[in-house]
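Two complexes come next, and they have one chain in common, subunit A, joined by subunit B in the first and subunit C in the second.
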Partner chain A sequence: MSQVPKESAPLEGYAAPSTVEEALRLIADGDATILAGGTDLMLQTKPGGRLPYRRKLVNIRRISELRGVSEKDGRMSIGALTTITDIDNNDLLNTVTPVLPQTANCFASSQIRNAGTVGGNICNASPAGDMIVPLLVLDAEVELSAWTNGAVTTRLVSLDKFFTGPGRTIKQPNELLTRIVFARPDKKLFAGYIKSGPRPALEISTVSAALSAIRDNGKLSRVRIALGAVGPTVLRAVKAEAYLEGKTVTAQVAAEAARLAAEDASPIDDVRATAWYRRHLIQVYIKRLLENDSQG
Partner chain B sequence: MEPIAKKSLIGQRVPKPDAPDKATGRTTYINDMVLPKMLYGKILHAGRPHALIKNIDVSAAKALPGVHAVLTAADVPEMFFGVGRDNRPLKGGKVRCVRDEVAAVAAESEELCDEALRLIKVEYEDLPAVFDPAEGAKEGAPLIHDNKPGNRSLAYQFKHGDVAAAEASSDVVIDSVFNVHYVTHCCMGTSCVIADFDCDGKLTIYSQTQYPYNFKMDLAPALGIHPGDIRVIQPPVGGAFGSKLDVYPFEPVCALLAQAARRPVKLTFSREEEFINAPTRQPVRIHMRTGAKKDGTLTFRKVDCLLNNGAYTSWGPTVPFVMMRTFSSHFRVPNVDIDCRAIYTNNPYAGSFRGYGNVQATYATSIHADMMAEKLGMDLLTFSLKNAQKSGEVTPQGARLNECVFAECLQKAADVTDFTAKHARYAAERNKPGRIKRGIGMASSIHNAGGAKIHKSDGCGTMIKLDDYARATVITGASEIGQGIDAVICQVVAEELGIPMSDITIVNNDSAIAPWDVGVHASRTTFIAGNAAQRAARKAREQMLNAASKRANMPADALDLREGWVVHDSDGTPVLKIDKLLREMHFSREPELVMVSEYYEPPSEPENKEHVGDMSAAYSHAVHVAEVEVDTETGEIRIVKFTSVQDVGRVINEMGLEAQLEGGIVMGIGYALSEELKIVNGQVRNPSFRDYKVLTAPEIPPMELHFIESHSSTGPMGAKGIAELPTIVPAPAIANAVYNAIGIRFFDPPMTPEKVARAIWERDSKLAAAE
Partner chain C sequence: MTAKVDISFTLNGHLKKVSVPIDMSALTMLRDMLGMTGTKLACGEGECGACTILVDGVSLNSCLMYAAECDGRTVLTIEGLRTAAGLDPMQKAFVEKGAIQCGYCMPGMIMQAKYLADTKGKMTHEELQRGLEGNVCRCTGYKKVFDAVAAVVGVTE
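Showing the complex of A and B:
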């Protein structure tokens, strides 16, 4: 392990567009590094970081149309540049889906929350990415925009299909993640999020978990479980989800679901925690989420 | 004029004089400094634990425009330095740990330095390495230094009484192995130095050092120059905590670069470099055996300590000096047998760190006290009181415990926390169902509080001058590294001279100006420098009162100095303004200036070869009580309340005292719960604040601080040194509280959530299997 930083390629250009179209034209050649909040990018591109700059640095922070939360026809939309603090403080989200503000509140430190964006958190594609975990249980989709053949084109991709590995996604270099959308959750849907760490703040999640389900007369349906930091990407615990479908939660059911969720995960030993502890925590968290006890 | 009543500054809440500039960002720390024509320096570290250097090619680095010097061991004389004289600024022949300095460059910018370092090609041949001291001591283990057979570094023994007989007569004996871990100081300012040679070969070094005078003595052999040719300037620093109590290779390397480049050179560590290359706290394996009678009387302690020396010897392996003091004097221990050995390995190496061995030793003694009390069926308070020394007792190593209030501290801590009742209640609730378990734990310790005579002198020089406007300058040997000595000295001097604290300037940042002091360590500065300042101030006061006496036609002892005035001591009637008095003294027919000096040497003695000696002029105790909640599923520990009761001698600056105690306790809690430098196969695995967990604001518990004033007969105004006990006592208090909550002992801190969860899970699995 050398302590001498590795060389980073020099940047040739910088641009700070103020509209989506302008931004898409600038990145159309696929040779741009995109700067949003910069909270991950600055660390990754510094000498010795894992990410070399592409030829251009395109700062998208001035695109005001990409910031904010809205609802239309039962569809929720969160602009990619909405900051984590915005989400934490958003009244609409607090009413419709409090799990997102709750997650935002556990996210790093105030300073990072003020700068970091939800789009950046998703595109960084960390297996521990905090905002990804609750968005997965809300069946969120991401809108990818590009400048193709002289026009803005967009495609919607399920967040579930977006990640291909740590730091890797299906987003093409000429595409910009512009929006996160999901259906306004059913009133009977409950959702919770828990994250661990030797301390609450400034934590890269050792393990995080989110669970959502519709509870009708005690029976669960449309169960979604997402787990952070226990695999190469944030992942869905599909075996546990399938098992819970139609069940009424009892201590035994919760224990079995927890066991299955731990099977769904593929954690590793690293400097932050062992695989044993990560599996152990998954089970603790799934039980707590099923007991609707996400206060930790 | 109204009479001026006598008021005292001692015990008041006084802001640190350096605080406003620091809070508003005006302070120029050493890390901010830029000298004209200054170059930047960087070091190429080995990055491998044990290897022969087959070849180093620096030609490409030298050819890089903007590079002014490239050095390897081949370019500098083979000079050895360090506590064990086993270290060199740049390593030739072989490297012995990842941090080893192989080459260094000086260039126009840090970026150019990085580029130059990338161009240096080093060929290594890896050697078998050893990381565990027990392995390192075995026959046939890889030899780290050719002249250190068996990889043996320092060793210490102390024996007193007859341990075998004491064991035979004991009713209860407990035996445990503690493994205390690597942590590091995490100073906000990373390591930094600026070196500048003049044309005569004299070196001015801008340093973070906390011991400027012996620093010269220790740096000189690494450079082959005379210590007298080194001038040490101490700009403001972002913390030290013991990490700047030795010379480390980056300092002579920077000086060698400055010498070669004939320009000032500044060398600063990145945070990652800091984690890998700064000293750590000394890890120790402590095997301790303790005996007691049925009535709770301690009979003996037998202790075997194995220290991982790492590749070179800084202060780390000397911590048995302090550990042995704790083993032999934390409680009344009539018989002790202590054996400590440090063994070289290919790990990074430890330095001094706040608490200096006592953090490690107290973890063992305070947990053993809790275990022993439980085994005897006594409550911990009763057991502790039974074995607590009283004033006048002399410990096996010859420490004379004057003004000892250990028992008062224990009683107070138990009273204010309702300790005994809560402890019994939580223990009874331990095995009932419930996810969150509460516990309360108590720990205590003893530490030197009147300096520590480990050098030939433990003294401090101070000079005071007053100008024509009654402004005083105090030139003291005591360094201000953030601990708050400037405020204490201002208070002490203002108290004697009757002038406002704001009229006092402290000068203590230049070895060419300030008189000698042994350094900031051993909780000594308030005690030693405070005494020196008070004595100097009294000389100035006497001179001023004598002069006033002539002018007022009154005996000097009938006068006092208050709020800028010479007054009648009896009723405070003003006689003469102090500034006017000083001008009259200055511009008279027999002119005199007020300028005085004092060298204070505490009445302590160095240890003899058997480690016996009253090495401090005062000793002090602290008792901590932690109340915790343990989440038995996740293993997370939350400290609900933290209470400290400490013998401080006398409060001088209440605000500074609180800050020192709170900061120290936070460090101690981090040691107990979250901080660990993870060194695996000689590599530092977590060299960042992302993975090295220092406590942040949300984890800092509510604290209740109680000061017991024992009024030291030797301390300034009765004060004792206070700065290390706050860090020493928290970890075992928390460990004992965790035991009270869940019934599991942790002999190997930190008590991370994973470690706690695993221990609970393993115990419960065993219980389930047994059913």
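Showing the complex of A and C:
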């Protein structure tokens, strides 16, 4: 997302590779716009949009090896081209980490879930990006692949370190986000997600929140809290996380964690809500998530 | 000028070969190049569902889909629902239940309803409502739409 040209040059070329290697060779010069589901790209590239096209459009949708969910040696892997509908319907995820299908289920609309991909949702880097929020509390990493010196190279980056601002990430123009990976969650781990809005879907979050923790004899450990739409990127509420570590949840503990989470955020006033209301919602959601009631 | 790409795909059972600008939407191609004006442009940003088509049996907003992405795929629009045997059962149900007001959202509604009928089968009323959440009717005639879809798919509870 760095070094985006200011004005859109006319698109000179189009390619629809069917393998990762082919795609990486095509984008190696850093002058390609990548098309996955297209649901964000089509709008952002319209005249006056925030994302001018690069010289060629590389449609990665035909790369079947990047679609699907698998598990190996306790590591979960989600291909970047797995659609939101795929995640919503995935049996393995429903068993291992139901928070991801739950989140997918209230993502946009049926038609958009059918087109949109999890990799695209991450690379779009919206502060309100739905799938990013629960993936952060699962300590997910993203695999970035590139074609360098005649070979495919990959690097793993913590999702936590991936975003640098609204629509901006550390991904280089010659890199493709190929997979999302995370450790298979511990059996004692609970995770929940809540998204604001008067209806379950087609709603750009006013606030979204996810929380995960291991609860052992009532005590919390490995606490993770992620908040969407309350800062320039989806963010972790680190003060609230640190406070909850080792605690048993009581009404007082939940209230203090909620207060700290609101401090961790930096919401703004915009057309969807005021900063004041967003801080209020954060506190309501953190309390609800701690009560393990993620029904929103 | 934006370059073009040659594509071929099956549209409503017929093979089509067209040369489309790389940045053109499937909706613009269908309406302006191929004369298939049954698929509607309303919001143009994936909020309303009036442009819903089925691609390889899956419902998509054609306003957000690149025409080039149709290459090699099977596209069904409202024009393709009617066969030699007559209207599709979903179309018949919309007619019988009077599920129509100004009519503009109907092609999209019917295509999404067909997707639900083909992929989900019997469902609860809530699932039916959620399934159509991406289709907006500004006349707000949802009740008869739900009745029509329910008559085809069957509603439990």
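In the analysis below, the second predicted complex is superposed on the first by the 287 of 296 C-alpha atoms of A that agree within 3 Å, B and C clash if a C-alpha of one lies under 4 Å from a C-alpha of the other, contacts with A are read in each partner's own complex, and residues count from 1 in each chain.
What we mean here is this: a contact is a pair of C-beta atoms (placed from the backbone, for glycine too) under 8 Å apart; a residue touches a chain by one contact, two chains touch by 3 or more.
Being a predicted model, the structure only gives us computed values, none of them experimental.
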Touching partner for A:251 - first (subunit B), second (subunit C), both, neither: neither
A:16 touches, of subunit B and subunit C: first, second, both or neither? second
Subunit B versus subunit C as contact partner of A:284, first or second or both or neither: first
Which of subunit B and subunit C A:170 touches, first, second, both or neither: neither
Partner chain in contact with A:196 - subunit B first, subunit C second, else both or neither: first
Partner chain(s) touched by A:268 [first = subunit B, second = subunit C, both, neither]: neither
A:53 touches, of subunit B and subunit C: first, second, both or neither? second
Touching partner for A:156 - first (subunit B), second (subunit C), both, neither: neither
Those residues of subunit A which subunit B touches in one complex and subunit C touches in the other: 199-202
Contact footprint of subunit B on subunit A as seen in their complex: 1-7, 47, 196, 198-202, 204, 271-274, 276-277, 280-281, 284, 296
Sites on subunit C touched by subunit A in the complex: 1-3, 5, 21-23, 25, 45-47, 49, 52, 58-61, 63-66, 68-69, 71, 112, 115-116, 130-135
Touching residues (chain side subunit B, partner subunit A) in the complex: 42, 44-45, 47, 98, 111, 114-115, 117-118, 270, 272-273, 276-277, 631, 633-634, 636, 673-674, 678, 683, 685-686, 689-691, 693, 695-699, 752-754, 757-758, 761
Residues of subunit A that touch subunit C when the two form their complex: 10-14, 16, 35, 38-39, 42-43, 45, 53, 57, 59, 61, 108-112, 114-115, 199-202
